[in-house]
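One chain, subunit A, links the two complexes that follow: it is found with subunit B in the first and with subunit C in the second.
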Partner chain A sequence: MNLAQLGSRDFLKAVRPFVGLFMVLLLFAMDAELRSLFFKGGNFKTILTQTVIVAIGAMGMTLVIVSGGIDLSAGSLVALCSVVTAKLIEHGHGLAAVLALTVLVGGLAGLANGGIIAAFRMMPFIVTLGMMGIARGISKWLADNQTVNPEVPLESVNSLMDKSQSPLTFFPLPDGVWLALGLAVVMTVVLRSSVFGRYVFAIGSNEDTARLCGIRVNANKIAIYALAGAFFGLAGVMQFSRLTQGDPSVAIGLELQIIAAVVIGGASLSGGAGSIPGSVIGAFMMACLANGSSIKDWPNYMQEIIIGVVIILAVGMDKVEPMLQRFIRRGK
Partner chain B sequence: MAKETESSPLRLRIRGVAKRFGPTVALGGVSLEVAPGEVHALIGENGAGKSTLMKVLSGAHQPDAGSLLLDGQPFKPSDPLHARNSGVAMIYQELNLAPDLSVEENMLLGTEPQTMGWLRRGERRRLAKRALEEIGQPDLPLDAPVRSLTIAQQQLVEIARALVGEPRVLIMDEPTSSLTRLDTENLFAVIERMSQRGVSVIYISHFLEECQRVASRFTVLRDGRSVGSGAMAGASLDEIIQLMVGRTVDEIYPHTSRAIGEPVLELRGVAGLVKPSRVDLTLRAGEIVGLFGLVGAGRTETLRAVFGLDRLAKGSVSVFSHEATRSTPAKRLANGVGLLSEDRKEEGLLLGRSIADNLTLTRLGPVTRLGIVNSSAQAAAAGKWMDRLDVKALDAAQPVGELSGGNQQKIALGRLLHHEANILLLDEPTRGIDVGSKAQIYRLMNDLAGRGKAVIFVSSYLPELLGVCDRIGVMCRGELSEVRPVADWSESAIIRAAVGQTETGEAAA
Partner chain C sequence: MKSWLLGAACAALILVAGCGSDPDGSGGSAGDGLEIVVIPKGTTHEFWKSIHAGAKKAERELNAAGQPVKIIWKGPLKEDDRDEQIKVVENFIGREVDGMVLAPLDENALVRPVETAGKAKIPVVIIDSGLQSDKYASFVATDNYVGGRMGGEHLGELLGGKGNVLMLRYAVGSASTTKREEGFLDAIKEKYPDIKVLSSDQYAGATRDLAYTASQNLLSRYGNELNGVFCPNESVTVSMTKAIRDLGKAGGNVKIVGFDTSVQSLRDLEAGDVQGLVVQNPIRMGYLGVKTLASHISGAKVEKRIDTGVAMVTKENMSEPEIQELLNPPLEEYLGEGN
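So, the complex of A and B:
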């Protein structure tokens, strides 16, 4: 699909997150200190690695939000799955088994979310709020309320997020970054062009219409939440790799960062709008802001304020955009 | 009466009013004259400028040119409150009531009698009662929350609210669009009462028959201009339609000869959980069967139950001679049954999605390879239907929500065509759309039947049912009457069947 086919309104939507990112980078480039320290290959490797967890979570969350739902259990599931990863490594499993089983655990939790939402027509907010508590509780139980440090480390898992090889150059990138990029490409095609993706948009735009058009709304919803859970599971493996330990109290509030990335990326919380590239760029932009702030030695609270402002600005663009579109159309 | 109108000065006189929005001319010269106590019908297709004109009158827009005179005085409303205080009140198509407040509170909202910020309760009650008496509805419960009233009662509250301000001109925008026939009769009585008290009423409606009944004079708008006006008594329906669409209406209801074939849909004793209670119907290939009934008679529920959207409690359904009682929309669509929802905004369409997505959603197969939708093939398929149905839009990627009502309805119908449905269940397909689009939809239905498709056509508008259908059945309180050929029905027989053949007053419940 080329840009000419997209038309002006889709084009604006598609480039919006990139414009936001460009503006952040432009601001950074105006500062001498950031110019010398931020724009370095090694630093971008760090930022990309720091983006991976939120970005993978955001891919799952994008499906959920585009379908008109929300998943608050993301952070807890990441913590749970980081503990599950640690336990599996303790049991001596290899990389493939660790990945598959952890993703399965996340997927099953998501399946429970979707099943309850579909079967009882409950609000996703409530169901996943409950799952948020349940998953957090189970992870603490499983880990005996402390961090889990496998005695024999599994190098292949640890290296997923290891950015310490040749720290001054961009390449080689850690495996986790490549995995996230690959998934982003696949999920972009799935959401934008697959029949399943069209159904996700249809359900999020108007569930009644989707039902009228013969879309099996319940089955699709269950699939959406299960798939999202699987992504949170994978993010849990990355979380383990980053700390090289399973931590049941990690990733508190991560779900809100993930939701922020998705929203900055152009999704609407009322459903029917959003994109994978947007969400990933949203996650990358937040990592850039955090990284820049720490280079500038700004205190943590400063970062929080800045990211808060960016979220409001990003969503505020929703209101400005229709005016821009009208302007462009008039020019045609 | 006529003499009085001639000798007394005009209540409202609009001359050469124009209004532009950027490059679009919404009003290009409208003139309108209304006498005191006159009911004046304002007629025009969607987009003809009716609502812009009303917004100018109610102060929401300022005109670029032209003059308004109210009782001989220049009238330049700066905002809706100003217009209301000057005696021009407007009742909008969508009800503007606060559902949790009581009838009385709603009626006096914004004009509460007060002394330094404190409400004067006795005065409030007196004003509210007087307004209800004026519309002949003293029985409406003043303390009940508006939420607990029927739509028709809510509308009466809205009219009473307008009367509290003692208006000289009352503007009503499509007041009957959500009313049953009996409530409509009630409303007409109220309008007549107001007219006798000297209130001038400007009545906007798509239903020409209604305008003929209630109004004494009319003005037709087309493309932002007033193209004709006169006495209702002297004008025929065809003349008015001709003014509206700007061309002669030789054939609004085409009816080519059709070959009626095998039964394709058979309903035996079909009942839903609440409605319908009993429906027997055999629909044949190449046939259009009309379902008439009052609002709430169970027509929509019948279609929904047949389509698998609502559960069936009793009865059996066969599709193409195969027993298929329990079903889902997905299975029905797979068997070639399609439903057009009565509510295209809430249920029928994905307003935020593109025309292409909306047209092809039920049958993505032809534009999909290996699970991936080919966007250009999808746009091409959509473009074909857009041409065929004469849809006015920028391109297939435009969101459906940006289109006019008539074009939206064509997209919703186009989806059934793209799906190649053989049995079409159409629920109020012409509701709230302009005359031109209606005529196209009638032609389309005729073509479909001619090609052997079977159509169930639910409508509350009797003339179109009589014009389009082969057979008509009437629903009343969940039951379907015998379905008879159109020639065997008279208009009055249909209406008697719809109200259950009792006295009209009794059937109001």
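So, the complex of A and C:
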């Protein structure tokens, strides 16, 4: 089994998320009203800021999905970690401690996911479904069933996602956007070129073969879920920064948005395919669609339908392309 | 090549969907008039539909008065989701609308988005619930304290100024109902010194089920000496009425004054189990929200706090036209049949 070649699909597949994004932008550009409203520096800053949470979550989820798993606890972990952030600030911790401890809490929850999945050979779907309830419950318990508003706000955390100083210009971008971009570059390299990244693809392509090749599948799986949990923890800090409060009821259904972003980005739910840039572009594309249909004043139900259609289309291209190819050939 | 074909198909589909859903045919250019976005907490509850109707009413009046206004009605994609509401506010700052009318889902979480709008020179009028900031043009909402007082005075009158009453509070940390509770207690203390408040420190909790249990607990202790009850919101009113009915003291034996309406509480009012409901005026809230914003934008000075008023609904006055408009708001007139 050639580790270096795993996951490197043909060029067309790699650029598809970009083509999809381009199509969305083109579509918005064709509409006279949206052209003037949408293509503005300030609006793109808004969209980037709104992408950060889903994008950071999608980086962790890409690892999990490429390895052939799924993590349904992402949304609940984001909520839990937003409450943890609030509690840590209440206890007077600084930025570094808040970031480190919150990411650690996310990582520990992920470690529990991965540990149970590996030790008992249980379905990731079920284990993380359980964790989804557990994490949501703990966050409500921790927060005493209400939002947690630190008496003395910690400006450095609040400003991570703050773009209130110059709302109508593209620069300066909030720190959270830069952090997400930097992490995307690092994770792209990790998934493409590191030994660990290659193992992730190997496990997702064929777990048994990977085991026979001498890859320590269980240890790697635990690492994958723990790392994903750490990303959800970081997304939780970002969620806190957006609301400036810890909210145990936030991010309900966020895991599905994250999964959609990863899948639009070219990942396969059966494992072995996917990329970090694709997932991040997928997240950005969904935020663009939501922003565009919101400022265009399409009713909310139409917005939901459109995003649903786009998800199916994006994934369906995989299946439709060969059919179309055959159809065109027959036509000739 | 093939991706392009599919992309084009996708594009066509979205375009068709977008065009087909244009409600007023006003989707084209924004025109010269003011563009005002109204952002509720949700879009499906009747309360918010009444706010929408009120905003439409203001839009019609302003247009007729030669001040062209276009209202955009945009709730969060998920009901009661703070992050989604922040997104809506941000998106319309990006659109650079002329003004915003916002019912904040949270008094803290929406502070920064509203201040961001201020930095972008977009004035914001807050409706319905308060915000921990003063960076808004005006706050247009029910004065809950006055509503509570009205409830206290009505109950005092019903009891002839003497007897034993109790009040079951709604939930810890709920600002609007706390104001109502304060208003009620102050009214009883100042105007009816002979009325004794048996209990006013118990909380019902967020759901009807919890409120029902709390009501039963209170009644098992004070049920025999009780003459009147005040309930600060809809769920407590319905649950307390049910508990008193269980006790066999409904129908005027124990007087009940509640807050807000629902199908059930109106039924109880008609049956004579409830003697009064303090009712808010959401149509007026939407209407005054837009009107206040429009006059703020045109440079007039507006009040920082505007009360939209409450009314006491009783079995006797519930068929009067003004009260009927509150109980059955004329939504079709403003929103069309589609809503």
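Note that in this section the second predicted complex is superposed on the first by the 310 of 332 C-alpha atoms of A that agree within 3 Å, B and C clash if a C-alpha of one lies under 4 Å from a C-alpha of the other, contacts with A are read in each partner's own complex, and residues count from 1 in each chain.
By our rule, contacts are C-beta pairs under 8 Å (C-beta built on N, C-alpha and C of every residue); 3 or more make two chains touch, one makes a residue touch a chain.
Here the structure is a predicted model, which means the values were calculated and not measured.
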Which superposed partner A:A273 touches (first subunit B, second subunit C, both, neither): first
First, second, both or neither for A:T85, with subunit B first and subunit C second: neither
First (subunit B), second (subunit C), both or neither touched by A:F201: first
Partner touching more residues of subunit A, whether subunit B or subunit C: C
Partner chain in contact with A:S193 - subunit B first, subunit C second, else both or neither: first
Partner chain(s) touched by A:I215 [first = subunit B, second = subunit C, both, neither]: first
Contacts of A:S76 with subunit B and subunit C, given as first, second, both or neither: neither
Subunit B versus subunit C as contact partner of A:N113, first or second or both or neither: neither
Intersection of the subunit A residues that touch subunit B with those that touch subunit C: none
Complex interface listing, subunit C residues touching subunit A: 2-11, 13-15, 17-18, 21, 23, 27-30, 43, 72, 74-75, 77-78, 81-83, 86-88, 90-96, 106, 108-109, 111-113, 115-117, 119-120, 172-173
Contact set on subunit A toward subunit C in their complex: 12, 16, 19-20, 22-23, 26-27, 30-33, 37, 40, 42-43, 46, 49-50, 146-147, 149, 158, 162-168, 239, 242-245, 247, 250-253, 290-291, 293-300, 302-306, 309-310, 313, 317, 320-321, 324-325
Residues on subunit B engaged by subunit A in the complex (per definition of touch): 22-23, 309, 328-330, 332-334, 339, 341, 346-353, 357, 361-362, 364, 368, 371-373, 375-376, 379, 395, 397, 399, 415
Contact set on subunit A toward subunit B in their complex: 1, 5-7, 9-10, 189, 193-198, 201-202, 205-206, 208-216, 272-273, 330
